[in-house]
Amino acid sequence: MDVDRKDLRILKAIADEETRSPERIAELTNVPLSTVHYRIDSLQERGIIRNDHYDIDMAALGFPITFIVEVIAEHGEGYREDVGDRLLEIDGVTQVYFAAGDTDFIAISQLSDRSMVESLVSEFESMDGVVRTKSTFTISTLRDGHEPLQQYSMETLVDELLDQER
Amino acid sequence: MDVDRKDLRILKAIADEETRSPERIAELTNVPLSTVHYRIDSLQERGIIRNDHYDIDMAALGFPITFIVEVIAEHGEGYREDVGDRLLEIDGVTQVYFAAGDTDFIAISQLSDRSMVESLVSEFESMDGVVRTKSTFTISTLRDGHEPLQQYSMETLVDELLDQER
Amino acid sequence: MDVDRKDLRILKAIADEETRSPERIAELTNVPLSTVHYRIDSLQERGIIRNDHYDIDMAALGFPITFIVEVIAEHGEGYREDVGDRLLEIDGVTQVYFAAGDTDFIAISQLSDRSMVESLVSEFESMDGVVRTKSTFTISTLRDGHEPLQQYSMETLVDELLDQER
Amino acid sequence: MDVDRKDLRILKAIADEETRSPERIAELTNVPLSTVHYRIDSLQERGIIRNDHYDIDMAALGFPITFIVEVIAEHGEGYREDVGDRLLEIDGVTQVYFAAGDTDFIAISQLSDRSMVESLVSEFESMDGVVRTKSTFTISTLRDGHEPLQQYSMETLVDELLDQER
Amino acid sequence: MDVDRKDLRILKAIADEETRSPERIAELTNVPLSTVHYRIDSLQERGIIRNDHYDIDMAALGFPITFIVEVIAEHGEGYREDVGDRLLEIDGVTQVYFAAGDTDFIAISQLSDRSMVESLVSEFESMDGVVRTKSTFTISTLRDGHEPLQQYSMETLVDELLDQER
Amino acid sequence: MDVDRKDLRILKAIADEETRSPERIAELTNVPLSTVHYRIDSLQERGIIRNDHYDIDMAALGFPITFIVEVIAEHGEGYREDVGDRLLEIDGVTQVYFAAGDTDFIAISQLSDRSMVESLVSEFESMDGVVRTKSTFTISTLRDGHEPLQQYSMETLVDELLDQER
Amino acid sequence: MDVDRKDLRILKAIADEETRSPERIAELTNVPLSTVHYRIDSLQERGIIRNDHYDIDMAALGFPITFIVEVIAEHGEGYREDVGDRLLEIDGVTQVYFAAGDTDFIAISQLSDRSMVESLVSEFESMDGVVRTKSTFTISTLRDGHEPLQQYSMETLVDELLDQER
Amino acid sequence: MDVDRKDLRILKAIADEETRSPERIAELTNVPLSTVHYRIDSLQERGIIRNDHYDIDMAALGFPITFIVEVIAEHGEGYREDVGDRLLEIDGVTQVYFAAGDTDFIAISQLSDRSMVESLVSEFESMDGVVRTKSTFTISTLRDGHEPLQQYSMETLVDELLDQER
C-alpha cells in the first residue's frame, strides 16, 4: 500500500484531532507544511483520504438504532450476487459484508424507531432469494464507526502496515 | 430532533455529492446561499453535522478485513460496564454495541491480515469478564459504513423524521 | 374442574361481549337470570372468575414493548427456587414460567422504550444465579393476552373440558 | 399518553387492591371521590382502562399449560401478514407477537393437556407459509400475565411515564 | 388406571427379581398365592403386563450401537402422519416419538456397526417429507431400557400412581 | 457373536409372535423341537435371550410420558464417571447413554405427569457436576422400545450378523 | 489387518524418523535388514504403506489457510451420492467426510488467501443439492495432518491394533 | 514464495503420478532432467518438498474413523496457548487448528473403534482449561488428506500462486 511512517503520523493527526488544517497537522507532526500538503494530495490520489465533505451523525439526526441482520441466501447459480445487489438497494442499510461462518451476508442499518425496524424486516423477508434472517436489536451504542483511526495506536499502525512481511 | 425538510435537502446534497461547498449545495437544493450557510452552522451546533475533517478509507490504508465479534460477558454486578469499557480500549475495534438477543456486545474491527486477527482474538479471550466469543470473518465488503445518508431516499427521510407520530 | 356446558356458555358470553351484566349474559345464553347469578357466584368461589376489577391496557398506558427473556440458571441445590423468586421481584416482569427444553425460565415483561429495555437487561445480568439470558425484542403486537377465552370456540371448550377422558 | 401522577396513583390502587370501588380508590390514594370518578372516566375514554368485565383464570378453568411457539414463516411478498392472520385464528392462541431475532412470530397459548398440545402442534405444522416451529413446553407457572401493573413500583411508573425525555 | 398398592408390589417384584414364578412373587410380597394368580391375570387383561415371551438383548445379539435421530419433517397438511408412518417402517428403528421443542420426531435405533449407520442415515435422508435430521452417535450404553420398573422406588410408584390428585 | 441362520429364525419367531412356546417356534421355523430347545438354552447361556419374566407396559401402568434429557457434564478429571453414576440413581430414568456430538449423556425417562417432570428436572439441575441440560418433552409415542427384533427384517439380520466382513 | 508388533515398530520408525532407508530402520528397530525389506514389501502390498513419493507442504507452497466447510445436502433419493461426488471435484478440497450429527458432509480445503476463500464459498453455494453451508475460517495451524503416526505412542498402537478384541 | 510455472509443473507431476523418479518427471513435464534435479533440490531446501519418506495409510493400518472435535477453551490470560499445547500431546490427534467463529480449536484424530473414541472423549473432557467440546463422528471417508496437490488443477495453481496481486 506504500505508506510510510510520515504518512501514518499525518493520518493519525487528522483522525485524532478531527482536523483538516494543514497548519495544525504540520504543528502536531513536526512535518514541514509543504510536505504535509504534498502528502495529503498523494494520499487523496491513492484513495486513502476520501473526498472532502461533512460527516453526518446519524443518531443525532434521528436514526439512533443500529440494527444488524444476518442473511442466509438461497443457494444456487448466481444467487449470491443477486441477493448482495438487492441488499444494497434497501433504504437505511449502511454496511453490507459477505461472510464466512453460518451466515451469508451481514447487513447493518441505522433506523429511527420500532416501526422503521418493522418495515425493514418486512423488506428483508419479502426479498427474493432470502431464505432466513437473524436480526440483532442493539440497545445502546458504545462507539459508532466514526473516525476509526482514533482506535489504533501509532505502534499498531507501524507494526501492521510497515514492518510485517505479508 | 427539530430538523425540517430544508435541512434534510441540504444534508442529502452533502452526502450524495460528497461535497462541502455551500455554493454547490445551494445550487443543488435551490436553497439560497445565505440560508445554506445559516443552516449548516445550525446543524453543526446541534451535532448533526460533526467536526469538519478528512475521511480515511481503512481498506485502502491496509485494513481490508472487517471482523465482527459477538461477546458474552460474565453475569454479575457491574460486569457489563466493565466489559464494555475494556472492549473500547482494544486497538482496531471501531464499533461497539450493547445488544438484545443471545449476545451481550457486538464489536466490529478493521484488521490487516490473519495474524492481526489472531492477536485480536487472543486479546478478547484473555479479557477479564468475557465468557465466550463468536466471531465472524468477512470475506468481502459490499458496502462499508461510509456516507450513510446516501442509503436513504428523500422520501424515507421525510417519512421517518418529519411526518410520523412517535 | 367441575364446569358444565351452562358454565361454559356463561363464561364465553362474559369474554366475547366483555360484559359483567347478568341481564346481558342471561339474554345471550338463554340461561335464566337467577341461574346466571348463582353460577357466577359459584365460578367466583371456585376461583375461575377472579376478583372484580378494571383491566388496564399496558400498551395504551405507555408500555408498548413486550420483551421476552429466556433465563438459564446456575445448576445446583436450590438455585431454581432462588432464581424464580428473584425474577418475580423485578419491576415490569409480568409473566414467569419454568420450562422444559433448553432454557430454565421464560420471563415476559412490558416495557416503555429502549432505555427501559437496557435497565431490565442489566438487572437480569447482575442477578445472582443467572448464567445466561437470551432475549427476544418484539417489534409489534398482533394480540396481547387480554381476554383469552375469546380465542376458544365453544366447540373446543366442550371438547377439552367436558367430553375428554384424561 | 398524557397521564399524570394522580392517574398513576389511581391505576396502581386499582391493580394492587384488585378493586373497582371509587370509594376504596379515593381512600387509598387521598384523591377526592369526584376526581376519582372523573379520572376513571377519562382513562376509559383514552383506552387505558379497558371495558369493565370479569377476569377469567384459564388455569383454574382447565387450561393450565402455557405453550410457547416460535414460528418461522416462509419468506416472500405478503407472507408475513398472511401467517400472522392465520396464527390469530387458531383456537387457544392467546398472545401473538412479531419479533426481531431468529424467529418471526411468537405465539403463546393456554392448553388443557398433552393431547391438546398435539392438536395445536399439528395445526401449526399444517399451516401454509410456516417453515419451522420451535415450541417450549412450560412445566409450571410462577406468574401468569394477570394484573400486570402490580409488578411495577410507583417509582418505576413515574420514571418511565412522566419524567423521561423520549 | 386402577392399580392399587398390592398390584404395585407384585409388579415391582416381577421387575426386580426378573421372575415369572407366582410362588416366588407370593413369597417376596407376602401376598397369598391365589391372589397373585388373580392379580397377574387382571394386570394382563388390562394390558399392564404384556404378552408372555422371551426378552432379547440386542447388544449381545450384535447390535450394540444405539443411534438417536431427531427428524424435522416438511410442514404441510398431513405430512406429520406420513413421516411418522415411514419412520416406523425402517429396519432397526425401535423407538419413535413425536416431540415438542425444535424437532418433530425422535427415532432411536439399534445398529451393528458404522456401515449399518451409513445405510440408516441414507434411508432417513432419501425419505420423502424429511427436511433435516440431526443424529447422535452413542459411544457407550450405561443402561438400556430393559426392565424399566427396576428404576422406580416403591415410594415413587405409590406417590405417582396412587396418592396424587391429577 | 456366533449366531447362525437357525438362531436368527428362532429369535425372529419369538419376537414376531411374542411367544415362548417351543412347539409354536418349531412349527413356525421348521426347526425340529429338540433343536429349538437346545438352541434357546444356548442363546440364554450366551446372554442373547435374557431372563424369563413378564414385560410391563409403562404407559398402561400410568407413566405415558417419555422425557429425553441431554446432559452436559462439567469437564474435569473423573467427572464423567461420577455424573454417569448419578444419572443411573434417579428414579424413573430407564435409559442412559454416553454420546458423541454436542452433549455428554442422553437420559430417557418414563414419567406420569407434569409434576413428575418438574421433580425430575429439579433433580437433574441440582445434581453435582451437571452444567446444563436440554430436555425434550414428547407429545405422543408412535413406538416404544418393546420387542425390538420385530423391527428388523430377516434379510437385515442375516446381512448384518452373518455375511458382513467387519 | 494382520499387523504384528514387528510391523508396528517398523512403521513407527518410518514415521518418527521420516526416513525410507531400510538400514536406518533396521538399526532403529533391531530388526534384521532382510526382515525389514520383506516386511516393507508386505506392508506395501497390503496398502498400509502407500506408493513411494515426495510429500509436499501446502502451506510452504502458498496455501496456508485451512478452511473447513460443513455441508447440508438436500434430502431425497440419491442426493447424498451426487453431492459427495460434486464436492470431490472442487479445486482445493483435500478432505471430504460423510458425517453423523447435524451436518451431512465435512469438506476441508487448503487455500491461498481471502479471494480464494470467496471463490470456494461461491462454488459451494451454487452447487446443486447443497442447502446450507457452515464454514470455519482457521486463523493458524498448530499441526497439519502430515505424518500422523508420529502422534501415536507405541503403547497405543499395540493396544488398539493387537491386543483388543473387536 | 518464489515458485514459477516450471516448479508447479514438476510438483503437479509428483502428486498426480505419485512418483519420485526424476526421469519420469522429466518425461511428463518436458523439463530437462538436469533441471528437474536442480529444481527438486531447491524445492526441498525451501521446505516445499518435505523429507523423503514412506506415506502410511492410517485407515488401512486399522484407524478408519476420522473424529473431529471442536474445543472451546476457558477464557483468560494464557489459556489459549496452554490448551493448544495440551491438544498436541494427545495420542491420535493428527491435525489441530486455531479457529475463528464459535469454536476455539478444531482437533482431528484417526481412531480405531468406538472404545478408542470413548477414551479420546474422556481425555478431552478431563483436560484442564477445556470448557466444552462438540464432536463429529464421521461415518465414511470420501477423501482423506493424502496427496492434496492432486485436487488442484494446473490453472488454479497458476492463478493463485503466480498471477495474482496480493
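Read from first to last, the chains carry the letters A, B, C, D, E, F, G and H; within each, the first residue is number 1.
Assume contacts are C-beta pairs under 8 Å (C-beta built on N, C-alpha and C of every residue); 3 or more make two chains touch, one makes a residue touch a chain.
The UniProt protein names, listed by chain, are A, B, C, D, E, F, G, H = AsnC family transcriptional regulator.
Bear in mind the structure is a predicted one, so any value in this text is a computation, not a measurement.
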Q. Within the chain touch network, how many edges lie on the shortest path between subunit B and subunit F?
A. 2
**Q.** Duplicate of the E-H contact set - from E-G, D-E or B-G, the pair where over half of the pairs recur
**A.** B-G
(Q) So the centre of each chain is just the mean of its C-alpha atoms; given that, what is the distance between subunit B and subunit D in Å? (A) 37
Q) With chain centres defined as C-alpha means, what is the inter-centre distance between subunit D and subunit G in Å? A) 58
Q: Could you please state the distance in Å, as a whole number, between where the Cα atoms of subunit D are centred and where those of subunit F are centred?
A: 45
**Q.** Geometric centre distance via CA averages, subunit H-subunit F, whole Å
**A.** 41
Q: Pull out every residue in subunit A that's touching 2 or more other chains.
A: 98, 100-101, 117-118, 121, 136-137, 139-140, 166
Q: Enumerate the contact residues on subunit F facing subunit C in the complex.
A: 67, 117-118, 121-122, 124-128, 130-137
Q: Spell out the residues on subunit F that touch subunit D in their complex, using ranges where they run on.
A: 64-65, 114, 117-118, 121, 137, 139-140
Q: Please name which positions on subunit D make contact with subunit C in the complex.
A: 1, 3, 11, 14-15, 17-20, 40, 46-58, 60-63, 66, 68, 84, 87-88, 90-101, 103, 105-106, 108, 110, 112-113, 115-116, 136-149, 151-153, 156, 160-161, 164, 166
Q: Can you check the complex and tell me which residues of subunit A touch subunit G?
A: 72-73, 75-80, 98, 100-102, 104
